[in-house]
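Heads up, the next two complexes both have chain A, just with different partners, chain B and then chain C.
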Partner chain A sequence: MTASAATVDRSSAAAGIIGRFGRNNAWTLSLLGFLAALLVFTKAINPHYGLTSFQFTATAVLPLALAAVAQTVIVISGGIDLSVSSQMALTSCVAATLMQNYPGEGLAVAIVLLTLALGLLLGAVNGALIVVTKVPDIVVTLSTYFVWAGFALLVRPAPGGAAASWLEGLAVGYVGIPLLPMAAVVLAVIVAVIWIPLVRSRLGLSLFAVGSNRLAAFRSGVPVNRTKFLSYVIGGLIAAFAGLSLTASTGIGSPVPEPTYVLISIGAVVLGGVSLAGGVGGVFGPIMAVVVLQLIRDDMTFMNVDPNYGLVAQGFILIGVLMVGSLIHMRRSRS
Partner chain B sequence: MTAATDTASGRSWMQPAAWRNVLRDYTLVPLAILLVLLVISVELARPGTVNTDWAAVTVRQAVVLAILAGCQTLTMLTGGIDLSVAYVASMTGFLTATFVHEPGGWVLGVGVALAAAALAGLVNGIGIGIFRVHPLVMTLGMGLIVFGFANVWQLATLQTGAGVPSELRTLGTGLTAGVIPNDLAVFVPVAIVLILLLRRTGYGRMLYAVGDNPVAARLSGVRSWQVLVVLYVISGLLAGIAGLLQSGLSNTASVSLVVPYLLPSVAAAVIGGTSILGGRGGYSGTIVGALILTVLTGFLSIILPEPWRQIVLGSIVVLVAAAYTRATAEA
Partner chain C sequence: MAVDAGSPGSTATLSQSTRDLMTVTATNLLLEATDVSKTYGAVVALDHASLAVRPGEVHALIGANGAGKSTFVKILTGAVRPDAGRIVVRGRERTSQSPADARRNGLVSVYQEPAVIPDLDIRDNLRLTSTSLAGFRFWLNELGLENLDLSTPARRLPLASLRIVDLARALAIEPDVLLLDEITAALPANLTERVLHVVQQQGDERAVIFISHRLIEIAAICDRATVLRNGETVGVVDVAAGSEERILDLMLGEAGAALGEHAQSAVSATHRPEQVPRISARNLSDGRRLRDATFDLYPGEVLGVVALDGQGQDELFDLLSGAERPAAGSLLVDGKPVSFHHPADAIRMGVCFVAADRAEALLMQRSVRENISLPFSARITRWGWIDLGRERQKIDKAVDTLQIDARAGSEVRRLSGGNQQKVTIARWVASGVKTMLCFDPTRGIDIRTKTQIYMLLRELAAAGAAILLYTSELKEVQLVCDRVIVIFNGEVVAELPAGGADEAALLRAAHNLKPGAELPEAMAAGTATAKAAVEAAVEASEAAGQP
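On to the complex of A and B.
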């Protein structure tokens, strides 16, 4: 399908290319439209919602957005990671504890690098277990959820620790103009450094191939096991960034994984147009979905609605959008 | 398998393949041995622990876990999973408690709570069966919704106060004849119904069929959407029953009471030999799985501090699942 579409497009005009872009990214574009409408709505119900509030939203969204990116890489290759929140808790605790015991702005750089290496290791253990034991991803990551959470408790029996001031500065405020929240820039840099080279690489192609059809990928010579393993390693690295962002925004490390992180990371991935069956999607959709979910909660607070209805609304949006999306998909495949 | 038959005249039990067959065909045997070994370890770790009181406490905890793991077993047979059970179960316990001082009393409370649980299951079933939403996301979302509503209800009823009805407490903590936990009066019928449902009824066959090969099931005339809608309603009701028992057992009404049981409920079904990929497993294994997990947690709490307990528990679940995967892999 892609091959023939590409041939046709080469001969067609620029309008055709834009049209194809629209068709291929219809889901992401409608999500972007929804996000824009939601921002306008937010401004309408709360005239005080300005650039500073937007920066707060960005800070609140950063850990979740990174968790969603980590989940996206894994889901695209056909896996799922239920341990993402406890990976975040463990990396966050390690970073906060080390920064408390070895204070110093320069030393903190080494600690950050060490934490990222730990993330790679956690992802590698997940990936190796899945590839070697052939146990379904859900069961393995469910079990490692306990394991990482246990290690987090060993590192920090209670919430605490410290964060270097430059790390804290990375989660708040803005860069240059107030329209550019620092957290958004950090997120963009991480995505630009990891995701963009990834999708353009051979490995990126393999991720999509393995996710969309494992057997076909294997027969085409894609190293299936290595690809799956690497998807978890990259996921672990991004989860470590997410853990660091938790330390940065709270100034401490908390050993108890936030229970809603797994739910929201998976929900945002699916809302963002990534198929749980694997092989389809990108990171921009899930990031926007996280922002949408956060804004809806904020709006409910502005409207003085009981914040628990925010939870209900998030759930209904998640389910409602999925039902509609699945209905459209079924209609299309039937016709 | 061939290796075992070839050397049947020799000492075939020495062959790994023979053990593999035992694990695959008679899952309950190794599980029961494991359970006995664990009980012996508990006694060795702290002599005098194993007595009727210990057994009653263990069984009570295992019963709640086993019912929740029943939800996972049934849904996993069809290739699904129900992650809303923990929130649905917490909600039923809490909802019932808020009705204690109301005109209808706790009976009305139980009725309303179970109806709400069934409704949550129905919505799950419609989403998964008719709209084909992935069970993982559908039930996660449903969990959020139920948890949110339970919190709203909590704020609404804050003034009226709440208490776990004494009837549920008797059911959850009482003993009949000094040894038999009362909640077995609920669990034994539930377990018999579930085992018979899976082994003896057409509906049970359909669950396996849908999970094993959805296309073949459809071509054989199974309306899988109907099977799934009914399945998730059953799962919701089971979760509701588990929630009532747990609130009676702990004498607590909280909207997050059962949440710590969510991951163990999946683990118990996996240890019991039910495959998360669908089509393979059964409830008797799950019951033993729930007992193993409960005894194991107790044993680990004697010998290890909390963090290590989680680490060991997680590692054991991976090991057991890996053993099953090896045993059932195409030789």
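On to the complex of A and C.
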């Protein structure tokens, strides 16, 4: 999204810019419309859904949204990461355990930094295995899913640990006005610090290039393997943020990776307009997609729908939206 | 009627094909394709082409690159559907919807790339096509591969053996008409001999359509030859000793035939001897198709490369651009030996590559800006932000220079083919080109854009760049190039000054036929004329560009 927005030719007329922005971001904009409609629907069925509930939604969404951003970076460069949820579990457990054993608000800052470094390391292992062994991404990250999950259980055989109170404060409440949930601000800051510089950097362009056309990237002198490796390192870093946000929102570390996180992160990436073939997309679509999926789940809980039916419905919504998307795409490429 | 419908060639051609037709009545033709036409967008691949094959003959299908041979073969075997035309097999009209359909109609083909599943062993591959094992064994023996273990997975066999397997399988199907597309390309000499022998020994009932660039093989085993030029059948020749010249004349047309005597291989002196070549290739080899390439590319010149398909030119460009590493030989840039491990190494030395296939070069879903900035932004070693202002200036300048119509700039795939190709060139112009390797950059591009690209190449050379240009459009060599080298069977076999490189001379050299008389003065005059023409065109375009 940011990437394509940046490509808009500034020299054309303002109207042209808006029109082109709309065309280039049609998917994200329609997703935004869908989200707005969903919020209206939520308010309609549940008049008590107010700003406080919205803050709860934001807190629940934060780990998933970060997982989706991690997945997006990797998918854009042509890979896929099935280990994202166990990376979250491991980093969350390490952070919660350390914070329990070494309490202190100041010390917690060091622990957070250490956890982020662990995320970089996990991503680097994923990336190195893929680049060096040439084993497909899906196989490598499926294997490391089990490895990281095993480590998480070794660190914490049962859920527990603690979180520094400032860390917990980052996941709940609001900033300034109630309309601005703390979790949303944290998400915005992380995205602003990692994603926006990334798409404007040489590395960002290389990520898109490798995902879009490996051969063309290679022929243009892009170090394909290094770029792929770095995509996993960045993904690992963001997954560590996601793990920390789990610790922040629950106050503990849970060693069992939530299995739906992987699938939701991939589903959100696809629903958010990122091509699974790589090379196309941004992070705003997937983040919105995560909110949409969360709201649907909340509404179903509120409507007392059997949670099992809820899963079925989520799946159908995913398929439905994607079918509409690919129909639009086909129509457009034919014209 | 079959042949002369599509042969508005010379009178000699017409009388030749008429004579052929009088000796053969339509009823005893094995295969008769009449007025077959096919267009791809604006490109006419086949224009009322015809082919008549008698039972028991080996019939060559000949034409220069782009003459329409492969489209014709694809139509005959059902891979492509013709826009118009009639195909009659054994007196009955047939339309093949797919290769399997064509096989049921008695037409079986063997392509350059063997149609075997690499992960299955040979026996399973045969089972997949319901081929009789006995027949396959018989032909395998005839072809000299009797020791082949049928339980070997196909991927473990060398390409040459796979071709033989493919051929034996096709023969075991007992087709009426067997189509062989460049079956001898890259085969070792002993296997080539066996294959040609087997092809010749096919009985009176079967016909073989033999497609080859090797006129010597055609002369050795073919009975007749149908020649295509620009998608039309221009003549049918009874193959006999000395008919190579006649075939070449037909491939060239009347204009070419008149100039045919200019062929020669004198070296021009467009570059001063004291100059250091930008690129020197010495005995370069990739270990497979490219066997021994030696040549120099000087700053300020456009050096043409001419070769028939599959003579090692693809591999040469891969080695020079750093996409592959050489198996033998050495490469010098500005007089210093280099070894490229990655295209980035080549780009750092100012050696950049323009591919024929835009899909290999562009990020189709990304913007013009990103595509142009890719190479000089791509070096992660120089970590940091892209300087958007400076970058935009460079890109705007390149877009201007190349007159790229970037209205649909947000996604390169929405541009026309010509504009896409300009983007691939623009990225190198923007990053400052010293050496440009262009592999058939004008393939499938409209004539206006083609001219613009050629003029740009001349301008770049005038500014001191060294340009290596492989082109399948022989006509245009004289327009753009200063010199031209010819590759045949993996070796540089000839070097010609542009003046002597008319289509006839190039075709002759590309088929490795020995040149005729030398005419150095006419040649020098030719160079001057071609250069003047391009310069005039450049000036005209500049004048037009002024407001």
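Here is the rule we go by: the second predicted complex is superposed on the first by the 318 of 335 C-alpha atoms of A that agree within 3 Å, B and C clash if a C-alpha of one lies under 4 Å from a C-alpha of the other, contacts with A are read in each partner's own complex, and residues count from 1 in each chain.
Keep in mind that, in the parts below, a contact is a pair of C-beta atoms (placed from the backbone, for glycine too) under 8 Å apart; a residue touches a chain by one contact, two chains touch by 3 or more.
If you're wondering where the values come from, they're calculated on a predicted model, not measured in any experiment.
Superposition model on chain A: chain B and chain C are shown accommodated side by side without a clash. By the touch criterion defined above, A:Ser165 lies against neither chain B nor chain C after alignment on the C-alpha atoms of chain A.
When the two complexes are overlaid on their common chain A, residue A:Asn101 makes contact with neither chain B nor chain C. Judged by the touch definition given at the top, the superposed model places A:Thr52 against neither chain B nor chain C.
Contacts of A:Ala217 after superposition on the shared chain: chain C is touched, whereas chain B is not. Of the two partner chains placed around the shared chain by superposition, neither chain B nor chain C is touched by A:Thr301.
Of the two partner chains placed by the overlay, only chain B lies in contact with A:Thr144; chain C stays clear of it. Superposing both complexes on chain A places the Cα centres of chain B and chain C at an angle of 70° as seen from the Cα centre of chain A, in steps of 10. The partner of chain A that touches more of its residues, comparing chain B with chain C, is B. In the superposition on chain A, contact is made by A:Leu230 with chain C only, not with chain B. Following the chain A superposition, chain B and chain C show a smallest Cα-Cα distance of 5 angstrom. In the three-chain superposition model, chain A touches chain B and chain C at no common residue. Across the interface of their complex, chain B is touched by residues 80, 129, 133-136, 138-140, 142-147, 149-154, 157, 259-260, 263, 266-267, 270, 276-277, 306, 308-316, 318-319, 322-323, 326-327, 330 of chain A.
Interface of chain C with chain A (complex): residues 321, 323, 342-344, 346-348, 353, 355, 359-367, 369-370, 373-375, 377-380, 382-386, 388, 409-410, 427. By the touch criterion given at the top, residues 81, 123, 127, 131-134, 136-138, 140-145, 147-149, 151-152, 155, 259, 263, 266-267, 270, 275-277, 306-311, 313-315, 317-318, 321-322, 325, 329 of chain B touch chain A in their complex. On the side of chain A, the complex with chain C involves touching residues 3-4, 6-9, 20, 23-24, 197, 200-203, 205-206, 208-209, 212-213, 215-223, 226-227, 230, 275, 279-280.
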